Structure formats: C-alpha cells, structure tokens
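What follows is a single structure, and I will ask about it in a moment.
We call the chains A, B, C and D, going by the order they appear; numbering starts again at 1 in every chain.
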Amino acid sequence: MDMMSKILRHLREGFRNVLRNGWMTFASVSAVTVTLAVLGLTLILAMNAQQMSKYVTNQVQVQAYMHPNASEQAGEQLAQKLRSMPDIASVQVISKEAGMNEMKQEFGQYQDILEQYKSSPLPVQLVIKAKDPSKTLQVANEVRHMPDIDTVRDGKSYIKSLFRTVSVLRTIGIVFVIALLVTSMFLISNTIRMTIFSRRREIEIMKLVGAANWFIRWPFIVEGMLIGVFGAVVPLVILGYGYHVVYDRIHDIPLILSINLVSSGALIAKLAVVLLGIGILLGVWGGVMSVRKFLRV
Amino acid sequence: MIEMQDVWKEYPNGTSALNGISVHIQKGEFVYVVGPSGAGKSTFIKLMYREVRPTKGHIFVNGFNIERLKDRKIPLLRRSIGVVFQDFKLLPKLTAAENVAFALEVIGLSQRQIRRRVEDVLTQVGLEDKMNMLPSQLSGGEQQRVAVARSLANNPAVIIADEPTGNLDPDTSWGIMRLFQRINDRGTTIVMATHNRDIVNSLRRRVIAIEQGIIVRDEQKGLYGYDE
Amino acid sequence: MIEMQDVWKEYPNGTSALNGISVHIQKGEFVYVVGPSGAGKSTFIKLMYREVRPTKGHIFVNGFNIERLKDRKIPLLRRSIGVVFQDFKLLPKLTAAENVAFALEVIGLSQRQIRRRVEDVLTQVGLEDKMNMLPSQLSGGEQQRVAVARSLANNPAVIIADEPTGNLDPDTSWGIMRLFQRINDRGTTIVMATHNRDIVNSLRRRVIAIEQGIIVRDEQKGLYGYDE
Amino acid sequence: MDMMSKILRHLREGFRNVLRNGWMTFASVSAVTVTLAVLGLTLILAMNAQQMSKYVTNQVQVQAYMHPNASEQAGEQLAQKLRSMPDIASVQVISKEAGMNEMKQEFGQYQDILEQYKSSPLPVQLVIKAKDPSKTLQVANEVRHMPDIDTVRDGKSYIKSLFRTVSVLRTIGIVFVIALLVTSMFLISNTIRMTIFSRRREIEIMKLVGAANWFIRWPFIVEGMLIGVFGAVVPLVILGYGYHVVYDRIHDIPLILSINLVSSGALIAKLAVVLLGIGILLGVWGGVMSVRKFLRV
C-alpha cells in the first residue's frame, strides 16, 4: 500500500471504530464534553476576573498636594516634569477652585462649613497614575521629595490591602484553573483509555495475525482524536454562543463594578484554541497510551 | 523450515506444558499433531508463531530465530505463517470478509487485490453467502471456516492449524482437508493439531503424538493410534 | 418434556435458520442432533433455553411455555436445564471451580454443599488438578470439560449440549459420553448436537438430522448417516 | 441460601470484582477521585465566599443626622425607640464631639480648616444597622420621617451597587457550583458505567446459566459503591487535612478583607457528607444503570 492509501485506511478504520462502538463512544464523548464545558466556563470566568482585577488596580492613584502658596503654573511645570518620568503614566493638575468644588461635592452635608470661605483654602493638587499600578507606592515616594510638594497621599494601607486582596484572589483563581486543567486532562485521557481498554482482546488478535504496532495504533489514534474533537466542539459552540449573547446584551452597560467584559470574539478564539487543543492532544495521547499497554503480545 | 531443539515450556502458574521437545519439519511437509486433551499440542503450536515463548530450548521458523527475534520483527514472522486458532480469534466487530481482509491489509495489498482474494478464499471454504456477516451472526462451524480462510489468504509459507475441523461435520471437514491438501501440493508446509481419527487414518501423513508434554511417537504416514 | 410445534426462526439479518420444525422429546430420552455446518442445530438448541426466540411456532420445555414466559421466570427455566454451549461461555475472571460454583450459587445452595458438588463434577470430567485455573490457563479441551461439568452440576432435568466433544480427543470424548449415559440412565433427558460419527454410530440413540432448517430424518437408534 | 449468606456472597463478589478488574477499577476510582477533588475544592471556596459576602453586606449601615440643635439626650431617646423596632439590629449614638474627632481623622490634611472651630459644628449622629442588610434602605426611609431627624445618609447608590455585585457574584457562584455538581455526578456515574460496560459478556453468561437479575446486580452495585467510596475518601482526606492546616494558620489573623474563614470542623463535616454521599449514591446508581442495559438476555 502506498502512503496515501495507508493514511486513508487508518482514517477510515478510526471513523468506523467510533461508529461501531456506539455506546462506549457516546459515553466517552459526553464525558469529554462535560469536562471541557466546565473547564471552558471556568476559563471564561477567570479571563473576566483577570480583566476586572486589572481594571481595579488601574484605578490606584497618588494625590500630591503642593505648598499652599505654590501657583497653578508651578503645578503645571511640575506635572510636565513628572510626565517625562518613565514610571508615570499620567498626571492631572487640579486647581485650587476645582479642588474646592470637588470637596464640596464630596462632603455633602458639611457644605455649610466650607461655604464661609470666599477663596479656596486648598492647595494645588496633582493626581498621578503609575504605569505599573504595583509601582504606585514607589512613585509616591519619588514625588514626595520633589520641590514645592507639601504632602503626598498615597493611600498606602488601602493600596497594600488592595494588592494583597487581588493577589490572594488571583492565586486562588490560578490554582483553581490549573487544578481544573490538570483534572480535565486526566479525565479526558482516562476516559479515552477506558474506551480503548475494552478492546484489548481485539488488539491482541490483530497482533497475532501479523499487524505491526503502528498499523494497530493509527486507527486508535484517529479514534481518540475524533472523540477529543467531538467532545470539544459541543461545549465550544454552547459556551461561545452563550458568551456572545451575554456579551452583546451587557458589554456596554457599565456593569455593577463598572467593568467591561472581555470582548466576545477574542475570548471565543482563545477558548477554541484551548478546548480543541486539549481535546485533540489528549485524544491522541489517550490513543497512544492505551494501545501501548496491549501491544506487548 | 521449522526446527525445535529441546524445548521446554512452563507456564507462569507452574504448569509444565512441554518437557523437552525436539522436532524438525521440512519445507512442504504435512504434519498431524495428535494427543489427549491437555497434552501440549496447542502450546507446541503457539511456540511457532511466538504467542508463547519457550522456557528453555531453541526454535527456528521460516528462518526466524524465535528467541532472538526483535519485537519489530515479530509481525514479519507472523505474516509468513497462516494460523487457524483453536478459539478462532476473529475480530468481533468486523464481518467475515473484513476479518480476512485485515490479514491482507497488514501485508499492504491494495484494496482491489484484497477484495478479489477475500472473495476467493471465502468461496473456497463455502462461505460465499456469509461474507458480510459478523462472527456473532455465524454458526460455530462457519466461524471456524472464516478462521481457515484467513489463514490461507496471504499464501503463507506455513499453515499452522489448531483443530481446524473441531466444529465441522465430516463432509465440511473433508472439504477443508482437500483444500489443505491442494495447498500442501503447491509446496506449503502444513502443521495441524487434530482429534479427528478418520482424517488422520485416511489421509496418511506424518503424525507427531504428544503426551504430557513429550513426543511419544513421530511416524511418516502414521495412524491416529488412540483406539480403545 | 420438550415439545416444538412448527417452529420457525429468522434472524434479524434475514437468515432463515429454522423453517418449520416439529419435534417431541420424552422425559429420559437421549437425542443426537446432527447435520452439516450452519444447518440450524445450535439455533434449535438455543430455542430450548430461550437464548433465541422463535419467529413463529410453539415451544414447551419442562412445563414452561417459552413464548408466554415472563422475564422473571426465565432464570427458573434455565436452572432446570444444564447447557454446554458450543463456545463454552465460561466467565473469564472465575476459576474452573468458581465457574461451576456460580451455577450452584444461583440456585441458592450453601457454600459447603457447593464445594462438595464442584469437586465432584470436576473430578468426573477429569479436571481435579485444574480446579483453580482460570479459563485462559486451560487448554481448549479442558475448557470444554469445565463447561460440561457446569451443565451437570445442579442435577438438571434436561441437559442440552452443543458439540460437547468438539475439542476433545476420542478417549476423553468417550469419557464424557459415558458420563452422559450414566446421567441419562438416572432419568435425565439429554439433547446433544454433535459431528462425532463414531459416537453416534456406536452409542445408538435417537437421531434427529437437520438440514437447512428442517428435520430431514428422525430415527430411534439411528446412525450418523453422512458417509461419503 | 439464607438472607445473611446471600448478602455476604454479594459483598464478597463485589470486593473480588474490584480487585480482579485491576486497571479498570484503578482508572475509574482515580476518575472519581479527581472529579470529587475539584468539586470539593470548589465547595470550600464557595462556602468561604458565601461567608464573606454575608460579612460584607453586614457592614452596611444608615447614618442619621439630627437637627443641629437636638441634644445628645434626645439622640439617646430616639435610639432607644429605634432599638425596639423589629427591623433594626443596633443603634449607636455619636455625640457632637465624637463626630468632630472622627471627621478630623477622616479628613487628615484638612485638619487646619476644622481646627478653627472651638465647639463642634456637627449634629448628633445615629448609626443604625438593619437586622436584614437587604432591608437597610427601607429602614433608612422609616428613620427619615422620625422627629428631630434632619438628614439621613443611606448610601443608597453604594448599597444598591453592593447588593447588585454580591447578588451577581453569588449567582455566578451558584451556577458554577451547580454546573460542577451536575458534571461530577455525570462523570462519576458515566465512569462506573464504562467500568461495568466492559463486562457485558459476563453478564450475558450469568443470565444464560440461570442467574436472576438481582443476583447479578448486587455485586455490581457493591462494586460501584466501593468505587464511589474509594474515590471519595482520597479527596476528602487531602482537602480536609489541607483546609485544616490552612485554617489553623490563618483563621485568627484578620485577613486581607478582615473576614474569617469557615471553621474547619464544620466544613470538613459538610464536605464528608457531600463527597461520600455523591460517591456512594452515584456508585450504586451507576451499578444499577449499567447492569440494567445488559440484563435483557
């Protein structure tokens, strides 16, 4: 047989086996399906949580108050200088009047206390964001020693607790996703091996009539791959479509935490790569492994 | 063609199946292996295509040194031998035709050649009507004939048959024997374990009698020889 | 004891295995069923313990009406019949002794009774040394004898054997036949499909010959009758 | 056979089958193990998240400011009255001076603005917690119409967004836990069915030698149960011990979100009930279902 007809033969046999082993194929495809569905769902949640934590930490900023007698121009000049620093993403200058208005809004019911001031008693403020939110405290310390700067409010304890929270949650999330990934991989290859295990006598017979190992292996590999692909397509379609619908409905309403969802196209593409990749890889692996153990006849 | 030198076989559970067997079978010979149930006939036969490995001794089949045979080469040995297994060993999910075809696919024939040859051998064993049946849809004797057809299919140099007529009526058995004889006339070596006294006594060939794991008799044109 | 009235069997794939069979077998009879490979012998036998169901016709076995039999009652029918299956049907993960014991457990004997009976029947078929072997550790003939032992174990009213000597040498076959004869003398009905001309012609009993799904001959003290 | 020896026989056979089917038993026990491990891990996270969300929503409170000239006694009297209302859990009275101090702390760098006041310009405050945090807004509205009350700060938008967040997260969590639960149940019973499927020929033989359906079924049920139990014990021990260790280390350090973990004894007990329950239940169910399909011989 030439190469081409061999390949065709093994493909044909693999397909046939899938059909012939009705119940067993069905059982393993559905096991792969639900496993990947849970994995996919988790990945969707994790990707969005990741985006969310990024968004939250991006809100972190440093407030620097200049000396009470520093002018707005001085503020602008300092801002200009800060903007050129490598760690700093943005600097916003808040004039004395703007600061006053903000304070009035903020302190609602104490407004009358502030009303008595004709001109603002507040200094010029600079609102600074670090490029890397985790470097915020470092930036604050640098700013603290700048000329004309009086006090710097870096919300140290808030930032620390925020980052600690985010990092604990992220660690839990990553551990969980990895645990689930490993589990799915184990379950899928295990299922495929069980599917093929029930045919060990057939493998024995094939060997006894003179089939070479690879000749036996290929159809099983094709079969494992098909189980993997079939098992990946269903959750992919359901999750992809479901996410698309949810995304379309709510992605532009500022959500409860005013955070946007990961765009549906990008997410579905990633999901497809992961689910199909795992399905195919483990199908092939399951096929190879399960046959291996029975080839020693 | 087939040479055994002081071969012993003890199974892992401690059963001694063969206790020092030496035998030389020439190319083109027709050999009956006879003996009581549990004597070691099947073990003797299984050694030839390396389903079991000897505990001691040397075996050469078709130029292959069975002890030294690399795993990669085992398929080559087995393709040079057509085996009718005592328990048939048909693939349960393949039809009669596909079972025979499988033995031809492994040697790499083209689909067209395979189809022709499959039809040919299944007709020779009288199963032209049952080609597309699964083993589970065949009678015991029909399954045995599929196994016979498969063993012939790729024109092997040696045919080894373990009680190939055990499930067949005398008429059909004789049909199979005539087939083996024709193939033997063309130069194929045939080794056949059997309990069929009529066949052995009518179609006189070399008889190797095994009892309790040793060869107790080895005669040219022998008789079955177990008469009350 | 066993009564068939115009029984037809067409398998789902369209094969007509039986085409109108009527037969009456008395309690205590010893009946050979003979015929060429694929004639319908096994189908005829499988109808009796309801492994297959007739397409048409009426069957009564041991007072059970096979058509009307409720699913719950099938085990009772089968326990009243000892069957030697053509392909043995031993449980692969149970030893010889456990296989026989299983048939006794289902009727609810105590462990002690079972042990005694198992030893007894395995000794009768000459397997006292092989009681604790798995089927895969037994030769073809030894497996067949385990199947025979199991069929006898619970002293059934009828023993149905499908080629019980197909894998046995003539000596061992005669051993089994003497056993069947002894059991038959005690009043057990025996129906046995066979290809063994010697046995049928020596131990003359009723012979039912089936060809292409119909009974072509039914003689008391008949002969095998397929001679070239 | 009497009842007792029948039961013993089926138990013995079930145990034997587990041992005899070495690889297949191992494959299915390990599939059950990893499935239940993921489920257990998720349940631990969910239980703690649940506790956390309860804690967070419990922090919600209403701030009521009395008229500027209302005295502290008037505040105490009103508080007394409020405490007797069925929906209200607690009322705290904050005097003018305490309010001033709090404000000073709160507004750090504006302190000098407040310094100029000799006596506090602030009114007496009442801090009120509802028994059921979700009724906080209702309580605020009731308080608003009380005599001597000037303004009520119910943090309406904050509360609304908090509850929305919590409820969205809780819904996602519940959906996820249920999805995982259903998936685990499917996977476990599926695995056990695959284990037994590979023995359909044996069931057929048993029927042919006259075994009644229940006689065949029992050992399989025992086997399924054993697979379920073995598969539940390993994750139970690992997760239980792991949680116990983590809990012991950190349960009394006020955590990042200053929330305590669910006590380890209670959690392990619940986990044991769930995992063993699922293992046993599905083992039995898998045994019954898989045998059923082959009993029609």
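Basically, contacts are C-beta pairs under 8 Å (C-beta built on N, C-alpha and C of every residue); 3 or more make two chains touch, one makes a residue touch a chain.
In this text, all values refer to a predicted model and were calculated from it rather than measured experimentally.
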Query raised in the report: Which whole number of Å gives the spacing of the CA centres of chain A and chain C?
Result: 67
Query raised in the report: Taking each chain's centre as the mean of its CA atoms, how far is chain C from chain D in angstrom?
Result: 62
Report task. Report the inter-chain centroid distance for chain B and chain C in whole angstrom, where each centroid is the mean of the CA atoms. Result -> 28
Report summary line: Among chain D residues, those touching two or more other chains are none
Query - chain C: positions in contact with at least two other chains - result: none
Report task. Draw the chains as points, connect those that touch, then say whether the picture is a line, ring, star, complete or other. Result -> ring
Report task. Throw together a list of every chain pair that touches. Result -> A-B, A-D, B-C, C-D
Query - Contact set on chain B toward chain C in their complex - result: 11, 13, 15, 34-38, 41-42, 86-87, 130, 133, 137-142, 145, 162-163, 166-174, 195, 197-198, 224, 226-228
Report summary line: The residues of chain C that touch chain D in their complex are 49, 51, 72, 74-79, 83, 85, 89-93, 102-103, 105-111, 150
Requested in this report: Spell out the residues on chain A that touch chain D in their complex, using ranges where they run on.
Outcome: 23-24, 27-28, 30-31, 34-35, 37-38, 41-42, 45, 65, 103, 107-110, 113, 121-122, 151, 153, 161, 164-165, 168, 172, 176, 179-180, 183, 186-187, 190-191, 193-195, 197-198, 256-257, 293
Report task. Can you check the complex and tell me which residues of chain D touch chain C? Result -> 1, 5-6, 9, 17, 20-21, 202, 205-213, 215, 297
